[in-house]
Amino acid sequence: MIKVGIVGGTGYTGVELLRLFAHHPDVKLQAVTSRKEDGMPVAEMYPSLRGRVDIAFSSPEKAKLTECDVVFFATPHGVAMAQAPELLAAGVKIIDLAADFRMQDVAAFEKWYKLPHSCTDLLKEAAYGLVELNREAIRKARIVGNPGCYPTTMQLGFAPLLKAGVIDASHLIADCKSGVSGAGRKAELSLLLSEASDNFKAYGVSGHRHSPETVERLSTLTKEKVGLLFTPHLVPMIRGMHSTLYARLSKDIDNAALQALFEDAYKDEPFVDVMPFGSHPETRTTRASNMLRIAVHRPDNGDTVVVLVVQDNLVKGASGQAVQCMNLMFGLEETTGLLHVPVLP
Amino acid sequence: MIKVGIVGGTGYTGVELLRLFAHHPDVKLQAVTSRKEDGMPVAEMYPSLRGRVDIAFSSPEKAKLTECDVVFFATPHGVAMAQAPELLAAGVKIIDLAADFRMQDVAAFEKWYKLPHSCTDLLKEAAYGLVELNREAIRKARIVGNPGCYPTTMQLGFAPLLKAGVIDASHLIADCKSGVSGAGRKAELSLLLSEASDNFKAYGVSGHRHSPETVERLSTLTKEKVGLLFTPHLVPMIRGMHSTLYARLSKDIDNAALQALFEDAYKDEPFVDVMPFGSHPETRTTRASNMLRIAVHRPDNGDTVVVLVVQDNLVKGASGQAVQCMNLMFGLEETTGLLHVPVLP
Amino acid sequence: MIKVGIVGGTGYTGVELLRLFAHHPDVKLQAVTSRKEDGMPVAEMYPSLRGRVDIAFSSPEKAKLTECDVVFFATPHGVAMAQAPELLAAGVKIIDLAADFRMQDVAAFEKWYKLPHSCTDLLKEAAYGLVELNREAIRKARIVGNPGCYPTTMQLGFAPLLKAGVIDASHLIADCKSGVSGAGRKAELSLLLSEASDNFKAYGVSGHRHSPETVERLSTLTKEKVGLLFTPHLVPMIRGMHSTLYARLSKDIDNAALQALFEDAYKDEPFVDVMPFGSHPETRTTRASNMLRIAVHRPDNGDTVVVLVVQDNLVKGASGQAVQCMNLMFGLEETTGLLHVPVLP
Amino acid sequence: MIKVGIVGGTGYTGVELLRLFAHHPDVKLQAVTSRKEDGMPVAEMYPSLRGRVDIAFSSPEKAKLTECDVVFFATPHGVAMAQAPELLAAGVKIIDLAADFRMQDVAAFEKWYKLPHSCTDLLKEAAYGLVELNREAIRKARIVGNPGCYPTTMQLGFAPLLKAGVIDASHLIADCKSGVSGAGRKAELSLLLSEASDNFKAYGVSGHRHSPETVERLSTLTKEKVGLLFTPHLVPMIRGMHSTLYARLSKDIDNAALQALFEDAYKDEPFVDVMPFGSHPETRTTRASNMLRIAVHRPDNGDTVVVLVVQDNLVKGASGQAVQCMNLMFGLEETTGLLHVPVLP
């Protein structure tokens, strides 16, 4: 059994980790920390876990995280890098669901997250946790920077086209839509049901920190730095993410070949489903599961490819992906504990 | 492996059975019938099942249901009783999610469902599928009439009080609220998002067919026929049911003893969670799981008990309960394939 | 033109007052106070008011409220009673949308609102602002305590029965359901879309402060104090309230006479719509309007009457009712500025 | 008083016309036709109109539409063109909310709507009802083809840029999102709350009939035919539309000049609100009003302009726009009956 600790278990990625671990046959949950809720049974805050998670939140001091095999950080940005050196020294592996270990470009990190990076040396060995594009590095890593939710969809949607060199990489457009849980469990007015329900809006149009992360990673697939215009929107629903990706073709390629690029890229992937050409995937077909679905379109047989990508932002976009990484890091079958059938309706 | 057939797999209880069976270790799905969709892969109608359910809908004629061990009817009322004799003769067990085998009172059935009952002899041997109140009969049954969603909450909420004889059984009030999926997958105007969303209403206040079913069953727990006022309401959400039950105390009993009635009644039940006295259970704490939660209140220490009951109407209120019955009928552990942690948020 | 001030214009009842005043032909908006947002244009916080409300929030000090004809308090409980003496002395009328002037029973107020009442003398002259039951007093009042949202529905639903003396007044049950805006514009976790959406729950079952207010008022209609069991619930929608009221008949009365009690009581009321016997009013049929709708049921012709009442909690349940009071207090036609057609769908 | 008839008053654009007319001081509602509901009081189908709309639906035969001054068609495509000749001959003006008189390109109409056009001669005199871009023609018109909801946002968002010639008109991208009411009041499974709620999807990505309409109109503003990629999506909400428009700059222009293009274009428009540069308009700020709001962005000061446009799809996107046209056609103040303040929250 893998001894697991969670730092920051009161947010949505934290409780989603708890749900996933309650189903995972090889995990023993050691500690869930929360300074504020020290002593409160986890199942009291989240009655959905009554009878399934027996431990209480504990303060970081009491949690004995150094006795864990792996610690997940479901925390604000900056927490993981502060605790990483001590944990690594104790032989504990780290999976950070925040941004501390996502980007190699320290300057970009510091600009977008408004934090100095405290362990840039560890950053170098950190593996970016997007399994489908970085599996081998993750398998060997001590530290994984789990991808952002939007970047997961953008990378898996653009990658086959960029690798094949068939699109103009300098002008990618990603029009993305997320359910409200993506903003986290924060007491903010704009996230109230009375504000966000029956409403739709864009945000961060002039710039969003998932953009540099995505650009850095996508640029590893091409010879030059990609150009990306990323527009996030808030959808009045709890879970789900839909990214509509636009790219101009730079080479002559027919639709069957386009589709084949995606099918070939993901044919052995358990969590990426390439749907028939011209499909319209719905976010609900991934609800509460680790599956991500992709469909390719070419409107009017013109020179623009439209790729539709859907996922559950809390699973494949966050906690499920982190468990997928853990499975690899500990030599388990990659799908262990992650084969939930999506909940529909 | 239990060979399972589903008649009428295109509705919500049908697709929920499919989701549950995809997780069930002892089930082999033999056939899913739909006359209208004959030949269409199940996963084409429900892309959430892509890669998880490989068979296609087949017409009843082709489905060879007599080769199954058990057939589930996720159909309109009246279908199961038409096919039951042939299947039983072939040694197939039957679980009907519709109303054909729920009530022993044939006149009441015919009045409320506006159908003649075609096999009243079989009705006599049918077991009512509310496990917590009828476990032994279900274990031995060839035919199970799976309870209605509302009746499940009303019975499990009132039963401990009625059995103990501490309330006035002649004036029970059940003010119940259901998510829209309870109305089924029907192309009706009143169920459109544009009609039912951001809206709340009662329906069937002057009479609803879940009332006679509940009265018949509850009356088996008391010496005389209970009196029940049942008011259903439609909540603008997909899944979830919340029943608010009111009963006047007829005996002197303190709150601790009241609470103990419920805790004792359900202490060994894997799918009934009695929360601390005075709790407010939320429907989402049961979402996509077979768990039902109960909380007892006594406002102002007065003479009225208020019992709050929540469940997922499609799981404990329908398909999950049916699988729970199947597990019993085939000698499996009752919880097999049903231990999903609720999806929250 | 009536010079109007609003204290506390940043909450939902405040912005709803602003919407109503923007349509009101006889109102001049003088000041909207907010200490925190001093100087911020109202339309910057609420872009729905761009081009319609030109003033900025001002601190209470700058707002010159004593120059207004009437001041509305859309504030937390306790604010109005602190400022009332000075305003009244300056000849300004007061309409408090909070609870300071709702109840004559000071002990009950102090128990439920956990505040000492600072001007019990003024309380005596305050009129309870439920127009349909208290019109003449409101017309002459200097101070109006605007009713709570739930109490509005409970009183208008029970009043005709209580006045006629046909029900057992000692055991009224009100099972009420409200949209989330009723909880106000507060940054609380439980009100987030990710928490409250796709969910249903009861709250305050053991006791809620709208209960004593309702009991006090209803008891003025009967010889003895009424007994009320009030259970509020939270509906995943923004606006709308649905109250399901239960009362046992104590006299022999037929359905036509029952219905006539309601039709007679409200036949001249512009904002109370008695629907045909046995109707199921939907909350959306009152959305964004000052209309309240009532329907009477008698299930199985038994001894219990069920009254269904719907309203928009922010209009007839709060700000619209307050404007209705203002119209009366200033000798205007009662319906002035309040004849919005409900927004459906 | 303008005598008004509505053909097809049972759908959402029909009931929205009824809501608007109930507030309109210069309109007398003569007839609302529905063959299916002949004789049913309008307020029985739509209780929100109780006490506000007194007439019943009547069959087209009884409706005496030729005695009206103007007839609105809130019908499926093809109905208006069948009845237009007779009405025009009787001196009745026509406003069609369907597509019959939107496009001059008959071949495109017939391709996309799969209907032969029965009165192409009348088409020539029909005015396209997008007031802000075609005011004078509408003023004089006997027939108005009211724009589609998506085309309204796309045209008002792209027009200032195209007129100024600062963007590459051959590669416009419009990523648009609509509430479910845009699909109409149709008993379709995909529109059920249980299907469309808590879900997000694109549809018609390979081609949608609002594309040729928009291209035809936008091309009148440029020298050559514009190229448009239009992707519609379905948002789980009732009302509201958000269009995210992307265009590559073809000329050197700074942000202040960009913003000025929009402010100059719409400075006298009562129903177009250009928000400050870089704003994020929310659909709810237009709810139930005829206002459309626009905000301009230029991410990273790059070569792509992003224009955000929001409106209520049933008002400015349909019925409100139609009333705006009527006001012009009858010499009324353009804003008559249309100054509803948006309903927020």
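The first chain written gets the first letter, and so on, giving A, B, C and D; residue counts start at 1 in each chain.
Convention: a contact is a pair of C-beta atoms (placed from the backbone, for glycine too) under 8 Å apart; a residue touches a chain by one contact, two chains touch by 3 or more.
Because the structure is a prediction, the values reported are computed rather than measured.
> Consider the two chain pairs C-D and A-C; indicate the one with the greater count of contacting C-beta pairs.
More C-beta contacts join the chains of C-D.
> Farthest chain from chain C, comparing Cα centres?
Most distant chain from chain C: A.
> Nearest whole angstrom, what separates the Cα centre of chain A from the Cα centre of chain D?
Result: the chain centres lie 39 Å from each other.
> Mind checking the centre-to-centre distance between chain C and chain D? Centres are C-alpha means, answer in whole Å.
From the centre of chain C to the centre of chain D is 36 Å.
> Let me have the rounded angstrom distance from the C-alpha centre of chain A over to the C-alpha centre of chain C, please.
It comes to 45 Å between the two C-alpha centres.
> Listing for chain B: what residues touch at least two other chains?
In chain B, residues 12, 179, 181, 185, 194-195, 197-198, 236-239, 281-282, 284, 287, 345 touch at least two other chains, as defined above.
> In the complex formed with chain B, which residues of chain C make contact?
171, 173, 175, 177, 179, 194-195, 197-203, 205-207, 227, 229, 231, 233, 235-240, 242, 244, 246, 248, 278, 280-284, 287, 297-300, 302, 304, 306, 308, 310, 345
> Per the contact definition, I'd like the list of chain B residues that touch chain A in the complex.
These residues of chain B touch chain A: 12, 15, 19, 22-23, 46-52, 181, 185, 197-198, 238-239, 273, 275, 281-282, 284-289, 293, 314, 339-345.
> Which of the residues in chain C end up touching chain A in this complex?
Residues in contact with chain A: 12, 179-181, 183, 185-189, 191-198, 236-238.
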